[in-house]
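Structure below; questions to follow.
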Amino acid sequence: MALSDRVKQIMSWYGSDTPGVRANLVRMLNHGNLAGTGKMVILPVDQGFEHGPVRSFQPNPEGYDPEYHVQLAIDAGCNAYAAPLGFLEFVADRYAGQIPLILKLNNSDTLAKVDQPCSAVTGSVRDAVRLGCTAIGYTIYPGSGQRNTMYQDLRQLILEAKDSGLPTVLWAYPRGAGLSKEGEQAVDVTAYAAQISAQLGAHVIKIKPPKDHIEQAEAKKVFEKYNISTKTLSDRVRHCVQSSFNGKRIVIFSGGEAKDTPALLDEVRELAKGGAFGSIMGRNAFQRPKAEAVKLLHDVMDIFRKA
Amino acid sequence: MALSDRVKQIMSWYGSDTPGVRANLVRMLNHGNLAGTGKMVILPVDQGFEHGPVRSFQPNPEGYDPEYHVQLAIDAGCNAYAAPLGFLEFVADRYAGQIPLILKLNNSDTLAKVDQPCSAVTGSVRDAVRLGCTAIGYTIYPGSGQRNTMYQDLRQLILEAKDSGLPTVLWAYPRGAGLSKEGEQAVDVTAYAAQISAQLGAHVIKIKPPKDHIEQAEAKKVFEKYNISTKTLSDRVRHCVQSSFNGKRIVIFSGGEAKDTPALLDEVRELAKGGAFGSIMGRNAFQRPKAEAVKLLHDVMDIFRKA
Amino acid sequence: MALSDRVKQIMSWYGSDTPGVRANLVRMLNHGNLAGTGKMVILPVDQGFEHGPVRSFQPNPEGYDPEYHVQLAIDAGCNAYAAPLGFLEFVADRYAGQIPLILKLNNSDTLAKVDQPCSAVTGSVRDAVRLGCTAIGYTIYPGSGQRNTMYQDLRQLILEAKDSGLPTVLWAYPRGAGLSKEGEQAVDVTAYAAQISAQLGAHVIKIKPPKDHIEQAEAKKVFEKYNISTKTLSDRVRHCVQSSFNGKRIVIFSGGEAKDTPALLDEVRELAKGGAFGSIMGRNAFQRPKAEAVKLLHDVMDIFRKA
Amino acid sequence: MALSDRVKQIMSWYGSDTPGVRANLVRMLNHGNLAGTGKMVILPVDQGFEHGPVRSFQPNPEGYDPEYHVQLAIDAGCNAYAAPLGFLEFVADRYAGQIPLILKLNNSDTLAKVDQPCSAVTGSVRDAVRLGCTAIGYTIYPGSGQRNTMYQDLRQLILEAKDSGLPTVLWAYPRGAGLSKEGEQAVDVTAYAAQISAQLGAHVIKIKPPKDHIEQAEAKKVFEKYNISTKTLSDRVRHCVQSSFNGKRIVIFSGGEAKDTPALLDEVRELAKGGAFGSIMGRNAFQRPKAEAVKLLHDVMDIFRKA
Amino acid sequence: MALSDRVKQIMSWYGSDTPGVRANLVRMLNHGNLAGTGKMVILPVDQGFEHGPVRSFQPNPEGYDPEYHVQLAIDAGCNAYAAPLGFLEFVADRYAGQIPLILKLNNSDTLAKVDQPCSAVTGSVRDAVRLGCTAIGYTIYPGSGQRNTMYQDLRQLILEAKDSGLPTVLWAYPRGAGLSKEGEQAVDVTAYAAQISAQLGAHVIKIKPPKDHIEQAEAKKVFEKYNISTKTLSDRVRHCVQSSFNGKRIVIFSGGEAKDTPALLDEVRELAKGGAFGSIMGRNAFQRPKAEAVKLLHDVMDIFRKA
């Protein structure tokens, strides 16, 4: 498939990467219903590890089966499907080449209590290559006392991934003793996390929809001095996208907790209006019956296509 | 030996693995009295390290001798025999090729008091290859503050094992400061541990028979909302098997503390009814006189064969 | 470009380095408006990572775009442009060969609260080579309980950098539980940090303009006994330059917080009078409108050229 | 020298080892006065490091000289001489081939106060090979919170040693916060430490003579239920030897603190009666005048030979 | 230069070392005014790093310049010159082959407050080779809770150094939470530190002149029982030399704090009388005017030559 002008423009921002990394980035941009638009909707299913199986899959028990999710991503025309090692190993052989796979290289469970959270590295770049993946995924927790461990493990993985022709999708979730609970989704903190991600060399950055709260006193002064609007979600999204190399890095947003369809589509409209490159939508997709999920994902894609 | 339909079905779930890893998985499924049934009964003898020699072997002092156990596993027609480095080194030369051996790569003793338990890595994949083993074994303690160390050491070992054509049998024993004592065998926690094991890339998962307790408040809501029955052991086993990729990973159960034969066989019947792929039975086997132990293991195998 | 006598003299201090490292040092000394003078003005832009995007770039929003900064450095005739991985990757392909690039290999954000600060290693020497950089940059925090980690990571990076023909620019910022807040810029501490940097093998040392305060009691006695003047900034700069192998290492000074132009130029005059080899000027440059910034940088260069 | 039946029997327990490792084990069993008996008396001199020079060597000042000890071991006809790197380097060239040397790879001094003891690794397998050693030695402290570090370092060293054809002699000294002072030599703890050593892959296990105390409540129940006698030292030794793979690992005992000759020989008689494979005797040997020491070691050897 | 009988005797103690390591040891013993005597006076200049530049160099400001020190060492006829990476890199090219250089591989500054001191590794064996050094230098702090880290890093460096033909000079400075302030220079502790150094494989051991204090209760009993005199410095030096393999390791003493010339020469006379192999003299040398320093060093050498 030839490159659209928009995809060419996006790819011009990644000029220092090797043709191998660039090819895999194009594969994600040119796959599924949004192919060629420069927008992305990704299905991520790491909740079995992160929240446990019953909370994740009981609402739609078909989801206990790893095959269900990759098929959902294909049927819905997503750009890519992201999951931990076990889920991808289960499907990689039979689904080889049917949809870009992102191997999430670190994961965290909720069984241990820790003040300074840190995901465990549970997969390797060699696994991603072996399984025919298109990218690696990784999560950082800015604000955690363990952040340096996560940044430094990432540094090594991102270097190996680039050597193997794989771009990096980075989940940036601020949390830890350095932040208030409300501060985890504060607009300044979210934008800061996006900036850190871009500086660490991520190709695609995933953040949460920022809330109308400013956490850091020094940042608050600047927001006030320059009258930066944070009232609407689209305002806040715009600030985060700007904070990601002036919109020249692919920034996508998570859907967060399960919610009803109208509320979710409203939120997506705000994301799109603010300049988001897309969504990464897990629980809101796979916890619905399949037909509903496909319909929802199509509706989301339509919003981004028209943005 | 040709593959039975059930073994073919099971092997279809491990399609991303190399022929080398698959061959060793087949070797375990096609060995002993349960060969070809897709069920497994494994004899594990790591209690000398984990609980000390006198508690483990005095009830049947023949067990002080490493040769006793491998011979018991052969005589009883087990699918495999699992032990730490020393025990396997003692027998590997003379018993080469007679029964699949699983080298347990980490172990923990009870002489030190620690809040956040972590087994020491006491063997290597190269040892497993050198000793002609069919698989590696490894223990994780979800719930421990040291869980990331265990998950990450496993990540490296599982990668090396796959490179050497060896599948991984994972003991998942939740414990540590994140859990109440009762919570260590709670049904939600056990199912969660099975899910984590599957996501980490384990080929065979070993968990404890779950008890009728739910540890995590968030999980409790879901069990209640969806009326998931946890009353009988078979109900709880069914949930754990479902939580292991919808029953598409081999999940076996430990026998736990020594108990009398009728109680033990009742438990095994519940395991089998709930969809367990088999049992891993140590103390209940080797602490009985040999003839009794063989009889017991045969009875257990019969229950699984007929399930 | 032939070497001026001054550059020859400076290069005579680095005689144990390989021709590769020496060539890159010459490249920086012979680039831009100050080429051949032995003086250096460098534009560093790591504030997006260190202080967050809004505080760094909102005052002049063109700075959200990574391309803005490298172009500013070129337009102003700086000797080099320094930034973290993400910013350099964004421009390295299109600006290859146009200005010496310094890859800052470690960075710290303000989202986590820690007593003993330590920057995370966020890039590698291989990245610097891949991106065509002329030097690596690194930050140490003498005074931190984590200093050994930083010194030892640096030891490894500096060794790799020398093997790859890259000199090292070292940011020496005393901070941490070992120092009072005032002590972080004390003249004795700043001079000590410069000495440590030189002993660690740095080629270019960057320190903050020292203040008229002496932190360590043992040092205070010596300043008093030998009547070492610390009254003017030029006095204090002179002591720091002397403390850097008697002025035989390149020592440059940061501009610190944004301030008005006359105050800033006064400070630079004092730096130059004290023997500084130049300035590294970030926020004071890129937070002004571009024309003003270029004018300011030119004025700064003029002061150093005439010193 | 041809193998005696007893040595053949012992060697049959180490059948999974390479010919190289087996050859070195035979070298120790076939050296000195006890050659061919399957018994071993080893001279270990690490007390200079472990307790300091004055306490170790002043009682017989000839012992300050490293050459004294290796000559004592040769003159007394010991099976092997064990010492840290420095002591072995001092003599390895001149004494090459005259007596099997065991390089003790970790050591601990008494100058620092720590709750969770851990010996430092002070030598490497490559040193052992370079110095022509016959085996490596290593100390573990079961009961210490640092035990995993020691077990894991050992795992690596034992693997390297096997690759280099070197067997491992393991000093198993329970201590640390997990144990009471009395518990360090309790019979259950000593037997447990021997079992751990055997499981870790040690070829020769060195433990202390166990005392008539049971530390662990769970173990106490078993000793009582099965009426295991712990009254005489020979009873307790028998239990420890049984706990070492039913007597199929070479288990030797330390002499402990210096004491008078009759008491010491009484103790050795009890060790021999209980099935000990020999003694490792340091201070009781080298702190006596040489002639006395040789006489004592000969008497000890006689006891073991006749056992 | 042919070997004197004394140098031959000394070299006979290092017979297990490779010809390469032995050659470099000879180079130090056969260099300068004391060549061939078996005695050594070394100039060490790491105080810029350890105490800061102003305290170290202001008393004789020529010392700010790295070139000053190596020239002083040459002019005074020292056996060797020891310094950290930066100082050696500054002079290695121009002074190649003129005097043996010792690269001090770890260093500590006084800017951070720590209870358990540990020097940072600031150079590598590859640096030592690259700079044409004759030996590596390293500091251990017995008594510190971090001692194992230092011993283990040393183990690796000493192994690499031996592979590169470089002997090791070990600074043994007891300190840390395990010792009282007075205990840091206690005679038992100093002798113990020398023994540890020798056991770790050091070729040359540097300790402080021991004071008339005994720190460890167990050691005190032995000193008293055997009437070991500790009254004069020469008595205490003799004990330390004896504790270093009965005088068969090269043991040299530091000069400590700056003091007046007669006091210093008196101390040196005691060192020589006690059997010291020489002195390592920093501040007492380079803080004096050059002519005085050369005179002093010559006087010190004379004392050792005549001893």
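Going by the order they are written in, the chains are A, B, C, D and E; count residues from 1 in each one.
The definition used in the following text is that a residue touches a chain if its C-beta (ideal position, glycine included) is under 8 Å from a C-beta of that chain, and two chains touch if they have at least 3 such contacts.
Only a predicted model underlies this, so the values are computations on that prediction, with no experimental measurement involved.
Student: Starting at chain B, find the fewest moves between touching chains needed to arrive at chain C.
Tutor: Minimum step count, chain B to chain C: 2.
Student: Return the distance between the CA-based centres of chain A and chain E, expressed in whole Å.
Tutor: 57
Student: Roughly how far is chain D from chain E, centre to centre by C-alpha average, rounded to an integer in Å?
Tutor: That gives a centre separation of 35 Å.
Student: Can you pull out the residues of chain C that are in contact with at least two other chains?
Tutor: none
Student: Can the chain contact pattern be summarised as a line, a ring, a star, a complete graph, or none of these (other)?
Tutor: Topology of the interface graph: a ring, with each chain touching two neighbours.
Student: Please trace the ring of touching chains beginning with chain A, moving first to chain B, and write out the chain order.
Tutor: One full turn from chain A through chain B gives A, B, D, E, C.
Student: Once bound in the complex, which stretches of chain E touch chain C?
Tutor: These residues of chain E touch chain C: 48-49, 51-55, 57-59, 61, 64-66, 84-94, 107, 109-114, 118-124, 126-127, 130-131.
Student: Chain D touches which residues of chain E in the complex?
Tutor: Counting only chain E, the residues touching chain D are 13, 15-17, 142-145, 147-148, 151-152, 155, 159, 174, 176-179, 188-189, 191-196, 198-202, 216, 218-219, 222-223, 226, 228, 239, 242-243, 245-246, 248.
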